[in-house]
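Chain IDs A, B, C and D follow the sequence of writing; residue 1 opens each chain.
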Amino acid sequence: MRSYEVKNRTNVDDIKSLRLITAIKSPYLPDGRFDLEAYDTLVNMQIEDGVEGVIVGGTTGEGQLMSWDEHIMLIGHTVNCFGGSIKVIGNTGSNSTREAIHATEQGFAVGMHAALHINPYYGKTSIEGMISHFNGVLHMGPTIIYNVPSRTGQDIPPHVIHPISQNPNLAGVKECVGNERIELYTNAGIVVWSGNDDQCHDSRWDYGATGVISVTSNLIPGLMKELMFEGKNPTLNSRLIPLIEWLFHEPNPIGLNTALAQLGVVRPVFRLPYVPLPFEKRAEFVGIVKELGRENFVGEKDVQILDDDDFILIGRY
Amino acid sequence: MRSYEVKNRTNVDDIKSLRLITAIKSPYLPDGRFDLEAYDTLVNMQIEDGVEGVIVGGTTGEGQLMSWDEHIMLIGHTVNCFGGSIKVIGNTGSNSTREAIHATEQGFAVGMHAALHINPYYGKTSIEGMISHFNGVLHMGPTIIYNVPSRTGQDIPPHVIHPISQNPNLAGVKECVGNERIELYTNAGIVVWSGNDDQCHDSRWDYGATGVISVTSNLIPGLMKELMFEGKNPTLNSRLIPLIEWLFHEPNPIGLNTALAQLGVVRPVFRLPYVPLPFEKRAEFVGIVKELGRENFVGEKDVQILDDDDFILIGRY
Amino acid sequence: MRSYEVKNRTNVDDIKSLRLITAIKSPYLPDGRFDLEAYDTLVNMQIEDGVEGVIVGGTTGEGQLMSWDEHIMLIGHTVNCFGGSIKVIGNTGSNSTREAIHATEQGFAVGMHAALHINPYYGKTSIEGMISHFNGVLHMGPTIIYNVPSRTGQDIPPHVIHPISQNPNLAGVKECVGNERIELYTNAGIVVWSGNDDQCHDSRWDYGATGVISVTSNLIPGLMKELMFEGKNPTLNSRLIPLIEWLFHEPNPIGLNTALAQLGVVRPVFRLPYVPLPFEKRAEFVGIVKELGRENFVGEKDVQILDDDDFILIGRY
Amino acid sequence: MRSYEVKNRTNVDDIKSLRLITAIKSPYLPDGRFDLEAYDTLVNMQIEDGVEGVIVGGTTGEGQLMSWDEHIMLIGHTVNCFGGSIKVIGNTGSNSTREAIHATEQGFAVGMHAALHINPYYGKTSIEGMISHFNGVLHMGPTIIYNVPSRTGQDIPPHVIHPISQNPNLAGVKECVGNERIELYTNAGIVVWSGNDDQCHDSRWDYGATGVISVTSNLIPGLMKELMFEGKNPTLNSRLIPLIEWLFHEPNPIGLNTALAQLGVVRPVFRLPYVPLPFEKRAEFVGIVKELGRENFVGEKDVQILDDDDFILIGRY
């Protein structure tokens, strides 16, 4: 599929310069379908607080629990409603090359500004296979490669990234392996976003990272903006650590889903296999909000501790 | 799925006032996937010649040969590229209520301005079932109901349309049964578009139709614009009849597909079960183009008679 | 996809000799999914009363309301559970050649004995297109062609059937156009099944039809067996007419769905756009059952008149 | 979906007693579709050499590269052709609970004897979420839980397995973590299959494992049968290690795909992201075959070293 429309062409440099990108949460109605009204509110709050881009259907947004038609629809919806105010980066990656190709074609066709691509998790492949996989999609448009071995079971090593970085469509790397790896890339002129909220301050100010692709910014976009834009600030960074540790106590987005429900900005609906954090952790969150200041968090309702019965867990949707 | 974004809200009156809507052709690459570059060119030519709306994935656009993810993608793509210049009406109808509900939700979510809905063809249902079917989707946004018994095997009778016309989301009816039926509706204040190019002049000027949802306008948008906007013109109307008769000699879009390929604006690729018109009919088309004037047709290449071998027919895509 | 396993090979003659084939009803659970327990009971009752084949996912079985994965699953399930006792004919036809090819490959791969193929309804095509469509699937295995212009909007004329009848995979034609057409084919040695329960007695005994593909046999398999096997019987035929007229008062399977629910053999769950017959028609059915004898109908519960509130109508499933 | 047919009921004890299960390879035609003829040959050779069960669409069979309809079709096909001779275990697991539920329902409906379930890889979840995920599918029929943290990024710890082992549908665990973990389970009376071919001899004879779910048995079913059935045999085990090390030099099934192509039993067609082993490794395989004896491997053609040009790599299929 090819389209020559100028408005579909995003300059890769526009992606490279983004400092704060949120891996946006996907909220649900009680029957498990998307709650687009809540979603639009979430994205609006991100825009108002200075976030420059969103990852749609990342692991945080639970792309792995979407059918592809839901996924592409959500990308198209986000472009249509917010594409003029924020960069829309679709997670059209997959462990199946066929699916990655198809989804990436469709994502660019509906106007996404860039694609996020993961290496083939679970199924895994050889280094040659990994390179073939990425080459199958890189020609389509601006691309961010995502390395998170703790999820994929396989590191994307520098000797894969270096040749790929020659491709003019490579915007950069979302790297979760740590600051040493980040520095290796930034020294070579490769754009990197930290994929770890607890490290992103140092990545940004000490290791050359351009910014962060953040989960925490779903909750405190303004403070994350400050952290990425306003210069080195170890004090602020330290203040955020308890929240970040709470968020990642269980695999993301379990903490985020629980937090946003307790802040009253999304319904307490979970698509399985995600379930809410237990009561004591939910109580802990209220304390964290008070400590950091409710006004720094998204939404306007009082933060509350939800009961077990408040949550709806859904297996068929 | 609910979205409150203002830009997604199209006023139903904006749909009601459209006089010339094209049921746009979907062009293909040699492997059967969409040729979006050609598609964008087609839509651009429509816009330049004054067409006000497009039906995406209608029977003309071969929605019945698309997977739903292709179909919704094409709607989202059209909105993203051209939604500011032309009204995008997605054919999210189906003979399955489930599919109609799902596709219509998705279509509005990616920004389509209105939905086109057909009664349950082939499977058919009772009058009560037909009303339930339409009621399942009418609340979602501006809607055009499409009546074409020669395809569906079942008329949508006035006693179905009249109660539905009370719904503020009903923009109007695309009616193929004839001018008597059209007049019945327009007398009752219901907006109607002719679905028959050979009758649309009279429907518009003598029977109260607002305009036409046209196949022929894919080829001669400017002349169809004149026919719908510039007052009664039986001379022009008569001049167009040979083209229209040629176009509908076989079930649409067989003639249209053949014509656009010979005009050099789409590749000669057919998704089965459509096949090109035979040679003698293809030769006839060249004569019709010369008679009406090449400059009135879309595209700039010389019209040519394609050989059988020029066509690619595809069953797997 | 190719498989050489002998058990997957059904001789086309085994299909040609079937006299009584039921277009089997697909029953649902209250959430709209298949009720396989009820389905298995229905099929078992067919086998016990001498029915020789079932059409899975025909228009009666509401294949048009299934996703293809549901459809193929139901074919595979039927083969797995009953394939040794009854011929399983999957309705893998579609108005999309791509879908027909894919579904037919999958249907034969999971063991169906024959495919039922319809001409491209709704979208329609030329005679050449229709032949290309059928040629795309005929090589895969034993095939029955289904002609029902009142649903498809387009007749399959004899000049399409005659050349196709040379294909050794053509088992025959399910013909709804009438006995004159049937006689035309049977005189030419083409196997025909009547697709009209009200005509099938005459088709069988006076016009050379091999048998019937029946809706009514869902309800009274034993009597239909008698009608097709035990010789000319105008008395029995006349006795059945009131039931058949009641069944087809509204588009099939509305009457059948209502009847089976009132006989207590399926739950009163309808997938939209089908809705139950109104109360007075439901009451009428009880009289018909008493007239013909409850013991001639499937199931063992008393026939009852269901209330409007007893029915569950489902749009999302 | 519920079915009461007796032939669909497999006793969980029939699964528990299997000693040699092959994670069967899925072979492809040059256009990327399944080559069912080659598949049937592969399964037949497994049956002839005494293999008792197959995993259909496991990671070895590249279930992660299948659409779900392909996957369920392959399960249904295997049941239909070979279900009387070998146990068919469908890998209907997923990191999405919805997909796992849907696929497992469909798999049992088409007759699979047991399901293989993985914990939510890539997306991951909490322990509570993992248990909810498994509980969503365990009630449907005999189940094997599969633990492979090197692929999933998350161990299934004993405190998840122990409570689940109380469920009468749990047949056992396919465990890749090692013999210490295996012994922990077998001491507790839980059935375990080794998921590591290089350890399976010891797992079976020294740590209480019932048997192996093997990749290597695709190639040498007879020798693997001997290894699992004929008593402790460290000599044979040592002889097999070079082959096993060769097979797992790159992520499985890269080695297996390369080997079967060179043995002439499948076409050299790879679905990306898998690519063949490089030339030197391909040459090495020929030596290994000669060392172990060609007659111990499946197929009858001479083993050959394929050229790079012999392989077809496919991204769209």
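The criterion applied here is as follows: a residue touches a chain if its C-beta (ideal position, glycine included) is under 8 Å from a C-beta of that chain, and two chains touch if they have at least 3 such contacts.
Since this is a predicted model, take the numbers as computed values, not measurements.
Student: So which chains are sitting against subunit C and subunit D at once?
Tutor: Expected: no chain.
Student: Measuring from the mean C-alpha position of subunit A to the mean C-alpha position of subunit D, what distance in angstrom results?
Tutor: So the centroids are 34 Å from each other.
Student: Quick one: subunit B and subunit D, Cα centre-to-centre, how many Å?
Tutor: 50
Student: Which parts of subunit D, given as residue numbers and ranges, touch two or more other chains?
Tutor: 316 - these are the residues of subunit D that touch more than one other chain.
Student: Among all the chains shown, which pairs meet the touch rule set out at the top?
Tutor: A-B, A-D, B-C, C-D
Student: Under the stated contact criterion, what part of subunit A meets subunit B in this complex?
Tutor: Result: residues 1-5, 7-8, 29, 33-37, 39-40, 68-69, 72-74, 76-77, 79-81, 83, 105-106, 109-111 of subunit A touch subunit B.
Student: Would you pull the subunit A residues touching subunit D in the complex into a rising list?
Tutor: Of all residues in subunit A, those touching subunit D are 59, 62, 64-65, 95-98, 101-102, 120-126, 128-130, 132-133, 136, 149-154, 250-251, 254, 271-275, 277-278, 313, 315-317.
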